[in-house]
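Since the structure comes first, as structure tokens, the remarks are kept for the end.
Labels run A, B, C, D and E following the written order; every chain starts at residue 1.
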Amino acid sequence: MVSLNAVLGVATMLFGIGLYGLLQRRSLVAMLISLELMLAAVSMNVIALTSRAGADASMGQVVVLILIGVAAAEAAVALSLFVAIHRSAHTIDVEQLSEMKG
Amino acid sequence: MSGPIQAALLAQAAPLAASAAILLGLRRHPAAAAAVAIAALGAGFAASTYLVLAVANGSAMAQAVWLPMADGRGLAFGVLLDTLSTTMALVVSAVTLAVMVYSLGYMAGDPGFARYYGFLSLFAAAMLGLVLASNLLQTLVFWELVGLASFLLIGFWFDRPGPAAAARKAFIMTRVGDVGFLLGVLLLIRTLGNATIPELVAQAGPGGAFSPRFTAIVASLLLMGVIGKSAQGPLFTWLPDAMEGPTPVSALLHSATMVAAGVYLVARLHGLFAAAPDVMRVLLWVSLVTAVAAATMAMVAEDIKRVLAYSSISQLAYMLMALAAGSVAAGFFHLVTHAGFKALLFLSSGIFIHHAHSNAMREIAAHSPTRQRAATIGLVSGSLALAGVIPFSGYFSKEAVLATLGVHAGAAALVLAYLGAGLTAYYAARMVFLTLRGGQQHGSPTAPHPTLAQQAAATMMGVPVLVLSALTLILGWTGSWLAARLSPGAEPHAALELGAGPLTALALAGLGIALAWREYGAKGAARTGFVDRFPALRAFFADNWYLDRLYGASVVRAAGWLSRAARWHDQQVLDGAGDGLAAGTTRGGRMLARVQGGQVQMYVAIAVAVLVALAVWLAYAEGLR
Amino acid sequence: MSDLPLLTLLVLCPFAGLVAVLLIPGRYAQALRIAAALSALASCVVTALIVRAFDAHAAGYQLVERGAWLPEAGIGYHVGVDGLSLPLLVLTAIVYLTGVLVMWELELRVKEFFAFMTLLVTGVFGVFVSLDLFFFLFYYEVAVLPMYLLIAVWGSTRKEYGAMKLTLYLLAGTALVVPAVLALYVTATVHTFDLTQLAHAGFSPTVQRIVFPFLFLGFGVLAGLWPFHTWSPVGHVAAPTAVSMLHAGVLMKLGAYGILRVAMTLLPEGAAYWGHTAALLATINIVYGALVALSQTDLKFVIGYSSVSHMGIVLLGLATMSVDGINGAVMQMFSHGIMTALFFAAVGFIYDRYHTREIARLGGLSRAVPVASAFFIIAALTGAGIPGLASFWAELLVFLGALRTWPVLAVIVVGALIVTLAYSIRVIVLAFFGEPREPHPVVADITPFLSLPRAILAAVLLVLGFYPRLILDVIDPAARAFVEALR
Amino acid sequence: MNPGTLVFGISAATALVGALLAVGLRNIFHNILGFALAMLGVAGVFLGLGSDFLAAVFVLVYVGAVAIAMVYAVMLSHPLDQPARPRSAAKVWGAAGLAAGAAAALWMLVRGAPWAAGPPVEPVGAAGIGARFLTDYVLAFELISVLLLVAMMGAVMVARQNREGTGRW
Amino acid sequence: MSRAWALLPEASLVLTGLMIFAALMAGEQRAVLARRAARAGSVILLAACVASRGVPLVIFWGTYRVDAFSQLVKLAVAAGFALSVLIARDGEGQRADARGELFFFLLTSASGLMVMASAVEAVALYLALEIASYSLFVLVPLRERFPRGKEAGLKFVVVGLASSALTLYGLSLLVGLAGSTRLAAIAASPALVTGSPVALFGLGLFAAGFLFKLALFPFHFWAPDVYEGASHGVAAFVATASKVAALAIVGRLVAAAGPATASLAMALALAAAIAMTLGNLVAIGQRDVKRMLAWSAVAQAGYIAVGFAAFTAAGIAAALFYGLVYLVMNAAAFLVVARVARDGANPSLDDLRGLHRRAPLLAATLLLALFALAGVPPTAGFVGKWLLFRAAMAQGWWWLVLLGAINSTVSVYYYLIAVKHAYLLPAEDEGAPIALTWVDRAACLALCGALLILGFYPTPVYDWAAGAADALLR
């Protein structure tokens, strides 16, 4: 059996990579990808923690199923917004979408 | 004893009521105002007379609590009737009455006529209150109020710059002394729990509760008030300037009564002052120097009222000298006679001024002054009294003072006092000659026929002058009566005992008059004094011994500088700090706003960084579990 | 009569005025004025009833009313009056009435003016009757905030700056007071904001020493404590007449009253510990204020700094923690309140007519407008501590108290009387005596109707100056009990 | 090395490599491919942990739906013709540092955490999941459907191009 | 009374939703009809929330709880919804084709918030939050004639989704630690009870999403942009209903964290301190009224966190009470902003000039609202802040209280600047009077009245808030 910490470690790294992408990428779509990676890390966490002996495995799976739904919804809203933004601003470079400040 | 008490209350209340009525209701009714004022003061005068007769010896006091105090009993105010206070009350009300009558003529037609009588009544009430007060704090209250009245009356013609400035100077300068007075009173109240005059005198005396040191401190503080009010020592320069007020006011406040309040205070608290011999020595020398110094200034003054003012300072110094040397009777005697002849001198000079429309003696001389009979009589007899020529009143009282000095003060003091007496005779005579004797008769050689109103005015002014002239011959004989009344145990001073002292004084007086005659009076005299030959000295004398300049250069300038410094500090430092804080806050806001830089990834990064910090902090604070 | 909730009624009087003013449409200016005046009159009547119902010989709070309000949070409705607050109620009522009358000629945005003014007065009355710290501060701020608009809209010289400065300073003071009060609430054994109960809470010396300066400085800001006084002259200069009157006359007293009623009552040990500092600051107030007043060029600035100086006397009296000092301080609050009100009323008339307050441009006013000038001169003389006017007695008592506790400071302060007189006389002589320095429009002297409020104020000064026991007999038992409790 | 560990190792490596590709490459299409790869890896991990149903759904939704939607969005929005601006080194290192720090902090906390322990529960299948959905997670189930509804309607509205106020769905 | 009575608000939500949906199906008049439906629905909703008060209910296997707490929050949300609908008027400022949908999404957001108040299971709670958020995500960018609306939407979405990822990560940790997603189980889990750092951090992460809605530092960055970028009705909803509900849930999490959490309290206190200072200082320089209100909201979130930092029932009660007051005062401010604005544009401070003449009632409302925000009596803001500070002080947060009090002073500065523009400065073009409908007038008066009444006599409302706090801790 794989040790719990190994899975948690992978999830943490995945979360970290997602975070890096979120903070660094200029493309909105790439940022969304990063976010999805973070959500996947969360899912991995949940499954790891609920598939141990003595844990409520079905609960974990239900939660992750819901998370998948959330991720889909997120993608839908975010992507539609990106399209709309591109339509009016002709860019989806987040660094250029920084008119509002102060 | 309720009769005298009621009389005393009446004497204070009547002028006060008159003052209130005039200032509040009769400002547009001059005749009524004057009538009310004179009637009220007449009542006061009658009451005072009654008091003098009723209180032949001993003392009576009636008090009511006026101010609740920490001790639970409170400060009681009331009237203290004894020989000293009743006599002073009589002097005050008499002179005031005379001045009020005189003013009917002098102030006739002035737009502020009613106001004038209102202030005058206020002064009378305050002065009588001061005299009759049973509590030293009460004395202080009225002391300040006469100061206020003095301010208002000096500045009576407030729309002229001179009187306004003079009033300001007088008020502030006397306040300097009053601060000492107030501190003294506070100190007494603090120690004694109250400031009832007989009690504090008793406590200061032998067997009393006060330590000598305490008595000395209190006495010197009170002395500051005396010096300020009686225009002594370094604080006298306000008095010459105070002559900017109407002449009757000068007569009443600034020679006869108010400035004598300081003398009265020393007499009133003589028991206390006597218990502080060092302070008395200081007072003695202050008054000696003042007497001579003021005389030198009078010698060179060109303005008749200023001459009289300096002479007031000088004569007040004589009174204080006597008190400092230990004789209440002599000092008070001189106070009484001085009140008479100085009021007379002012009122007479007022008549001249009224006609010549000038205060300058040489100017008056040009307006045929001798045509004013009453005034001429008054001026001459008053000056003789001032010069101390027998048998005028001044002679007797000054004699009493000098005699006291001779007994108690030592040779040096006596020499100075005699020097002063000689100078007094000189400047008195100078004044008479300068005023009365022949300038070229320009101006109004043929005076127009006086109207009826002018005649009435002349009468109003003439009668008091003549009465007072007569008094200069009478008051001199009251010395022994006064002495018996004020210090019954003491040996009565012989009025007409021509020993070495009186002869010296008379000789000096003669010398002074003769000198003045040679320089000013004789036909073809150069009409310049011997001092005029030394311009520097003359300037020194004429300029108040440069004291005003000294004050101007030191105290006034320092105050101005301090004030401006404080103002600068207030605006730049304190206010600047406040404004700076506000500006800094705004600037801080602008700087913080830069965090909101528009880069959304930065926002997320900050949030994540904070959370990382939280994780580390939690692990650190709670320990990894 | 004594069954009536008089104190609540008193607070409701100006509040009713506020409601009435809000309900009357803005175009009926006269009706608005009358409504305000009626509410002021009602306040006076209720105050008179309170004075009648008040037993001067009994110490402790009287006419007490209590009610539950927010018991979980320790807040209750609790009002009462004692000898220390009663004079201030009378003061407020008088200044309120005279203030409304003084503003009778106001034409600009009458409705809003009287609305804010009545609100302000509601707050002031509220503070003086409140015995619950929450309500105390509640009303305290109610009284402060309308000032901003009253000054900013209806004021003059640098009005926006002055108004903002004033508001921020005062609220900064509150920012010190509120945490301090909450800290007391928390540390007390009984969790309540009731002053009377907190007074017996017995705070530890450490708490007292730490919290006292917060309360002292916080309230001190409103009392014009040096070096936090600079808002006050600036604010006074900017404010319209009635607001200056209310502000210098009454509002600054709230600060001193707060120190007395809250800081000293609750933290006697803290007060004793910081007494020296407080007295020193108060002394600086007196001397500094007087010195700065000496070289001002604007009439209102002179008054503003004189207020700083005079409030120093109040603070010094409080700092003595003696019967004489407290008596003097409370009386000084009263007489200074009346005096500055008169001051500002007098200057207000002059400014209305001559459109300047520059001393250098005035002169000879006593000739041109004798009656109006007389009012100013009476106020100035009161300020100078001339006997026969109310302030003299108050200052005397304070000096006496100070002389017992801090002789050196007392000597300095008494010495400063010279400066006080100097600036008062300077103004009188320069602005009112002499000749006009530049041509002025010929203006009629003040009308009897406009004289009325000023005459009321002057009369109060004179009457109390003649017989101070009228007020001191009320204060004294309370001051005695207060000092007793301090020990 | 047992098969479970092997499967896990491969899946985890796939997931991490995919993730790195997804965030590291410059080309957005490559990123999406990397993302799909990472999701496959994650699904593999699930499989290794015994959640086979979940793994299937995961692949279906992420690779099948989300990734495709992303491709559509990129085609609609990405200005491929524009040359990419160079990356700012400070931003790269800053983001990397922060992400590494965050991961380290998380790992520090997670490593030895006192995870809950309870009685053993029998392994579950799709039926068990369905049962949970209809009992104590019925509220969540309802809510996720509402959320998806809102997201769909919102997405349509936001992306819609017509500007007259009369458009219908 | 039937237990089902307790679900009256939820039922009204569905009804309103159907009404608006039906209206949107209409042709030309869809926006107007939707507005009418929304208005009617908001009234029904309010009535339902009031009527259902005091009826407790637990359904869905214990995951949905109706109690004093949830009813209070629902009432607040209903009020916020009603006011936002009112403020939105016909949706001006919203893109023309989305004016009808505006009301629909506001309603879905409100339903999310209402469910959030009752959900006592973490996943449901999170989903409710997301429903509320997504509805707003799609509304914010659809601003008309204001290109930055898109950017505002972007900021909102990015920060929101990032927070949501953090929330989920926290949730995953909590699931592992507690073995359950029920809040009660999480609160009772040994890890949390003993204060294990991972549990506390997990809870903190889980709170991120709610702190994001509350706009508490460091999750506040979206607020200024969204307030500025969103149309008035949306911004008002974000500022009122959404914020109060988020606040309530933070309260719920604070209650779950329990009393033995000194380090979390310190973290909250620091966040509160920074938020207050940052918000107030930056607000000083703003010219756009809505942006200023946003920064002030950042500061206000800080004040609220001061109450939470106490970690006591009194603190939560104070925060809930303050939340209600906050709703009223912010709604009042936004009502004024919306009416002053021309054509749905953002008013700047200069647009407020001469308001006292152009619309005295609006000026007075603004005055009261700003004074309430500044915490000045006799408005309810004073009582609210007092209670917050009292709770914090009781736990020894003296420096926080002092800082809060000082910050209040700073805040007065910029509130007064706005007041100055409304009351003092004349309008440049002798601005035309602003016409108000009777509904607007009634709303102004009602809001002012509420601010004053809550200021003079907060007792019943505070008692309710205290009861709600007790319900959380039971």
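Basically, a residue touches a chain if its C-beta (ideal position, glycine included) is under 8 Å from a C-beta of that chain, and two chains touch if they have at least 3 such contacts.
In this text the structure is predicted, and so the values were computed from the model without any measurement.
**Q** Mind having a look at which chain is the central one, using mean CA positions?
**A** So the chain sitting closest to the middle is C.
**Q** Suppose chain centres are the mean of their C-alpha atoms. Which chain sits farthest from subunit B?
**A** The chain farthest from subunit B, judged by C-alpha centres, is D.
**Q** Farthest chain from subunit C, going by the mean of C-alpha atoms per chain?
**A** Between subunit C and the rest, the longest centre separation is with D.
**Q** Would you kindly tell me how far, in whole Å, the mean C-alpha position of subunit D lies from that of subunit C?
**A** The computed centroid separation for subunit C versus subunit D comes out at 69 Å.
**Q** Counting only Cα atoms for the centres, state how far subunit B is from subunit E in Å.
**A** Centre separation, subunit B to subunit E: 76 Å.
**Q** Based only on mean CA positions, could you tell me how far subunit B sits from subunit C in angstrom?
**A** 36
**Q** Please tell me the distance, in whole Å, between the geometric centres of subunit B and subunit D computed from their C-alpha atoms.
**A** The separation of the two C-alpha centroids amounts to 101 Å.
**Q** Can you list every residue of subunit B that touches 2 or more other chains, as numbers and ranges?
**A** 582, 593, 596, 600-601, 604-605, 608-609, 611, 615, 618-619, 624-625
**Q** Would you pick out the residues of subunit D that each touch at least 2 other chains?
**A** 91, 94-95, 98, 102, 106, 109-110, 114-118, 137, 140, 144, 147, 150-151, 154-155, 158
**Q** Two or more other chains in contact with one residue: find those residues in subunit C.
**A** Answer for subunit C, listing residues that touch two or more other chains: 168.
**Q** What are all the chain pairs that meet the touch criterion?
**A** A-B, A-D, A-E, B-C, B-D, B-E, C-E, D-E
**Q** Show which residues of subunit E lie in contact with subunit C when the two form their complex.
**A** 314, 356, 360, 371, 376-378, 382-383, 386-387, 389-390, 393-394, 396, 398, 401-402, 405-406, 408-409, 412-413, 416, 419-420, 423-424, 457-459, 462-463, 466
**Q** What part of subunit A is in contact with subunit D in the complex they form?
**A** 1-2, 4-10, 12-21, 23-30, 32-34, 36-37, 40, 43-44, 47-49, 51-62, 64-66, 68-77, 79-87, 90-93
**Q** Subunit E touches which residues of subunit A in the complex?
**A** Going through subunit A, the ones touching subunit E are 15, 18, 22, 28, 31, 35, 38-39, 41-43, 45-46, 48-50, 55-56, 59-60, 63, 66-67, 70, 73-74, 77-78, 80-81, 84-85, 88-89, 94, 97-100, 102.
**Q** Touching subunit C in the complex: which residues of subunit B?
**A** Per the stated touch rule, the residues are 65-70, 72, 137, 140-142, 144-145, 148, 151, 155, 158-161, 163-165, 167-168, 171-172, 175-176, 178-179, 182-183, 186-187, 189-190, 559-560, 562-564, 566-567, 570, 574-575, 577-578, 582.
**Q** Tell me, which parts of subunit B touch subunit A in their complex?
**A** By the definition above, subunit B touches subunit A via 593-594, 596-601, 604-605, 608.
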